[in-house]
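A quick write-up on the structure given underneath.
Letters A, B, C and D mark the chains as written, and numbering starts fresh at 1 in each.
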Amino acid sequence: MKQRPSLDLSALPTFGHGPRSPTWWGTLGFMALEGMGFAIAAGAYLYLATLWPNWRLSAPQPNHWPGTIVTLLLIVSLVPNHILHGYAKRCAIGPVRIGMVVMSLLGVAPLVVRWFEFPALNIYWDTNAYGSMLWVLLGLHTTHLITDVGDTIVLTVLMFTRHGYSGRRFGDVGDNVFYWDFVVLTWIPIYLLIYWMPRLG
Amino acid sequence: MSSADLASERDLPPEREASVKGDIAPEHDGPRDTGMDDAGLHRWLTRTWRTPPGIIGALSSVDHKVIARRYLITAFVFLCLGGLNAVAMRIQLSGPQRGLIGPDLYNQLFTMHGVTMMFLFAVPIVQATGIYLVPLMVGTRNIAFPRLNAFSYWIYVSGGIFAWVSFALNMAPDVGWFAYVPLSGPEFAPGKRADVWAQMITYTEVSSLAVAVATIVTVFKQRAPGMSLDRIPLYVWAMLVTSFVVVFAMPAVMITSTFLILDRLVGTHIFNPAEGGDALLFQHLFWFFGHPEVYIIFLPATGMISAIIPVFARRPVFGHLGLVLSLIAVGFLSFGLWVHHMFATGLPKLGASFFTASSMMIAIPNGVQIFCWLATLWDGRPVIRTPLLFVFGFFFIFVIGGLTGVMLASVPLDLQVHDTYFVVAHFHYVLIGGSVFPLLGAAYFWFPKISGRMMSERLGRWHFWLAFIGFNAAFFPMHLVGLWGMPRRVYTYPAELGWGNINLFISAGAVVFFLSFVLFTFNLAHGALKGALAGDNPWDAGTLEWATSSPPPSYNFARIPIVTHGEPLWAEREALPVATGLRVDVRELLISTVAEAHPDIREKSATPSIWPLLAAIAVGGTFVYSIFTPWAVAWGAAPIAITLIGWFWPKGDPEDEE
Amino acid sequence: MTRVASMALATAGALLLQGCAGWQSALDPKGPAASELAWLIWFFTGLSALVWVLVMIALVVPLMMRSRAQAEPLAIDAGADGRKLRVVMTAVGLTALILVGLTLLSFFANRTLAAIGSDASLTIRVTGHQWWWEVRYEDATPSRILTTANEIHIPAGEPVRLLLTSTDVIHSFWIPSLSGKLDLIPGHMNVLDLKADKPGVYRGQCAEFCGAQHANMGTFIIAEPRAKFDAWWNDQLQPAAAPTADEAKAGEELFLKRPCVMCHRIGGTPAGGTVAPDLTHLASRQTLAAGTLTMSRGNLAAWIADPQGIKPGSHMPVVELSGDELNAVVAYLEGLK
Amino acid sequence: MRAAVAMLLFPILVLAACQREERDTRPQSALGSGEQPTPVTTLEPGGQRASASDNKAASFEANAFHMSEGKRLFGWFNCSGCHANGGGGMGPALMDEKWIYGSSMESIHATIRDGRPNGMPRFGDKIPDDQIWELAAFVRSLGGNAPSSAAPQRNDDMMVHPSENRLPDAATLGKSP
């Protein structure tokens, strides 16, 4: 088929931030499906909780303190996360490097406290369905936490190499910030379901 | 649309200014396609976009067409295997009290048939068609996230091999494709058979989800300039809606299968009613996925029909907007009717009636689609070629399936026909009529694009009539035998019930139907080797995939086309307006805005890489190992992490760095 | 044309080949619920057939028209499209109307079905097992509670209430000629009310896949006049008749000494197993092994000698018995009227 | 090298899977049913007596279906009446490391078939031989002796002990808090 050039693209930029970039949409897509996974698991938990009048099934109350500390740490981490986002948008390599180190540390910290959350549930996964659901919800979120912290650390290392000095990498930092928001936001309802919902029954 | 107003709406992004300030490495520039002659452009683009030679090169390919071809062939192989399962079952059922196949093998056979057809054939093949066609139809050079796409294929094929090796080892799931607990649970399914089901589901869903995300982003961000929402071809719309349904439905089945394997492997009690769990929870979770699954298979087929009918009716499709809205409506409604698979479980009557109403409602958008297609055909005598024949077959069969679906939506009526051969007949009418017939039509329609050659029209007609007669002979009598009381999933039945003769008839029909696929295979091979050369646009169709050569070059389009109409090739008969200015020495493609498809960014597309294959091996190994011990997840984390880092770590290509 | 012919052939062929539908057929109703449902099935089928024929006519119309192949595809007659829009809108409106009608129809049918058992006089607890049915007749007097298996006697013309549950996997209770099906789910109790209009034997079988022997999990509803039913109940409450013939006596001894006693119960003997069907009045039943074999001396012997050949995977083990021993056990069981 | 490993691995996988997944329900009399007399004492020259029927023992022990059938029969035949759910009561515990008459399949089979002094009745007449083997395989799995890929899993029932495929792994975790 004959062609008729009628548009010049040569002046277009080679990367973009946020919704302009396909990676951002990809991240959003994965958040949507993982968020759906969280929603389905939470739905299953609520289904069982409404099915049994004495939910918690005579198990002891979970100790909420480790969970509360994790929650606070995660919420606090949102502040540097968004400061980092600003630097990434401005492609400022120095502050971005520092920000990534800070975010790696702020990712590891809740992960350490998370270790103490499992025993604080005061029940094993194979004791009854209530215990199973607590472990499943906590485990599901922990998986996301671990993968995102791992991702953050790898990206931090990458930012300190010669590869870090490129627009594409700053886009990756932006997406990492975006995903961390997701990990923090999904935790809030799960935190309530795990630690506060059993106190109602 | 002229280049001037496109350019004026594009504002310079702040990033550019930052790069001027020297905060980021200055962009290397390379040769552009502007003003380049066709032969030179072809040489440059071929060198940049080709799949590297050699075995490693082939395994590293990220070309969406190469991946899609592999997907299509693999899915077709699984179709044949699933078909052989069906033939074996039909031979066993051809007479009462036949002793050819015992219950142990029979239960594995029908489970493998269902699992193969649903998870290894139907979903992958519709997604594979999308992987091939969507980038071509939206006028881009590769799918978004091409390495993820390659990874999906490897995951899918290893999941399929896993399932079928299990079958060869007498380890195939034998609990039905929806594997209800407690039958599939820890107490009643000894051994690893049910675990194979659970992990194989997780496997294939990972691959479907990744493809869905890639498809959505391709449609959102990689459309050719000017392809605003109202100019997106209906097939692409269908794939877009399907991908959204995948994104929201598949996590449910992954959660279900994960719950099941946790119950079986580490002793959780999620489905154990004695310790606070519930067996019906499994059904709710499964069908929350299971019903949309039907539409995941059906919606792409409607897209194919919307692509085929206008070409042979020689006019744009009637009611374009209505069809798009119907697609979206079906996508939404498909999430609201899962309970109609559970009417026989004794749910509260009022709730059940709500789901009757919602199940009936989904027939309305489907009706809109049917009527719009019919109206498109009313403009005059259409050109009857094999693809259109299969579309006619679709109307004939699918409308029956849809109407029996309305019957199943009625709570009281469903109590008589649920889990009988009536249901078997219904969903084969819906799935084969609604999806396989359009797929076969699509195969004849797009085969010239994929292979560069035409399939035989004469054999095609033979194939159609054989498939059509075989199908109806095999499945129509099943409605009756179901009403006469024959439940599904029985490996035999007593002679006194008088189902012998009709089952023999059904089995004969099934063999004819199977033979039609043998003929199809022959026609495919014959077409690929000896078919007449097709040329770019053998059907004189209007969408962008026909604007490039057949088969398309590795870079799809020498220059990115500009879209001025819903059927761009019909609107621009003299010369296709194209955009210039992309680099030819690196894999550069055009990113456009979501709604209006204004050109926005020249982005690099990923280069070939072996890492997706290695990552798939690591993930697959972890999945297989995890049916034996939960620690597999811990052990598998390291290789998965290593391969993923290897995948994403920049190798110094311009595509990675800029 | 071939399309229509093939369809007709398939349908006609199927109808001709059909031998004796009725024993287990939803289209041959013998009770109020099944009658209501059969009517509903025919109504839906008729309406669906009509809709389908209309769609097919609409599909065939363009084939009668003049070819438009040479015309420019984008040259569309706007007036014709406007007319089409009206046709399509009408068709969609009609579709919606039909669907609303059918929804209401099925809602009211559901109410009719729910009203059937409101005055049930008899409550029977049916428990699904892999792969047989435990049947327990509830009664206020404990001594009148009766446990049997696989065959459910009910008084004809009276509604009875079935309480359905399961102790292992999910089964589904379905007697097509009397009523729709309902699942037996561990941890849940479902209530199915049904009524047989006339005395007769109505076959059904498990309709939810439940493992290896799902295919051979039949059940019967035997509707009898009230007097006959009461007599049957009283008979069944009696302990098993003690054997008189020598061979049968030897059979009883073998039964109690060999593995049979581990699972089966026979009233009036020490055999008290509850994990397999109650055999107290085995010989009064019409079939063996949950509707798999008709009751006869030969089938009894075959079933005991090779249960795994007849129902592979069932929980009835192969017990090694000599020919004489087998004959003796069969003679004993045959006497359990 | 890699090819050799792969070639070795595959038959092993095949064999393991076939042994684990086979569902043979007819008696395997051809394999012999352990008809040798049962010793009344464990005092044997050279320790334990070699058994003649170990191929049958092995085929039952590695088989998931037979073990799960054994678990079902353990409940059906009310073994729990004396042994509780393996924890022991009137009869000895079956979940611990102690085996009074030896932990081999043959010994357990003999114990069930012929009974033992101090209360274990003989079931030789009452339970067909294959079912005894199934019970023996299950009883062995209670002590964590069966491969976890074939051992029965938890029941859809009240949790009385961790499922057999998590023994003794789960035992080391201690009791639920």
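The working rule: a residue touches a chain if its C-beta (ideal position, glycine included) is under 8 Å from a C-beta of that chain, and two chains touch if they have at least 3 such contacts.
Source: prediction; values computed, not measured.
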Common contacts of chain B and chain C, by label, are D
A student comparing B-D to A-D should find more C-beta pairs in contact for B-D
Starting from the mean Cα coordinates of chain A and chain D, work out the distance between those two points in Å.
46
Take the average of all CA coordinates in chain C, do the same for chain D, and state the distance between these two points in whole angstrom.
38
From the mean C-alpha coordinate of chain A to that of chain C, what's the distance rounded to whole Å?
51
Quick check on chain C: which residues sit in contact with 2+ other chains?
186, 212, 312-313
Chain B touches at least 2 other chains through residues 104, 182, 187-188, 263, 266-267, 269, 272-275, 278-279
By the touch rule stated above, which residues of chain D touch at least two different other chains?
23, 154, 156, 159, 162-163, 166, 170
For the protein chains shown, what form does their contact graph take: line, ring, star, complete or other?
other
Okay, what are all the chain pairs that touch?
A-B, A-D, B-C, B-D, C-D
Could you list, by residue number, the parts of chain A that touch chain B in their complex?
1-17, 19-22, 25-26, 29-30, 32-34, 36-37, 40-41, 44, 47-48, 51-52, 57, 89-93, 125-133, 135-136, 150, 154, 158, 163, 165-168, 170
As the complex stands, chain C meets chain D at residues 186, 212, 257-259, 261-263, 273, 275, 308-309, 312-315, 317-320
Quick one: which bits of chain D touch chain A in the complex? Just the residue numbers, please.
154, 159, 162-163, 166, 170, 173, 176-177
What residues on chain B touch chain A, complex-wise?
2-3, 6-7, 10, 12-16, 18-19, 23-25, 27, 32, 34, 144-145, 148, 209, 212-214, 216-217, 220-222, 225, 247-248, 250-252, 254-255, 259, 262-263, 266-270, 272, 275-278, 281, 284-285, 288, 536-537, 547, 558-560, 562, 569, 574-582, 590-591, 593-594, 599-604, 641, 645, 648-650, 652, 656-658
Spell out the residues on chain D that touch chain B in their complex, using ranges where they run on.
13-14, 17-18, 20-23, 64-65, 67-69, 148-150, 152-159, 162-163, 165-166, 170
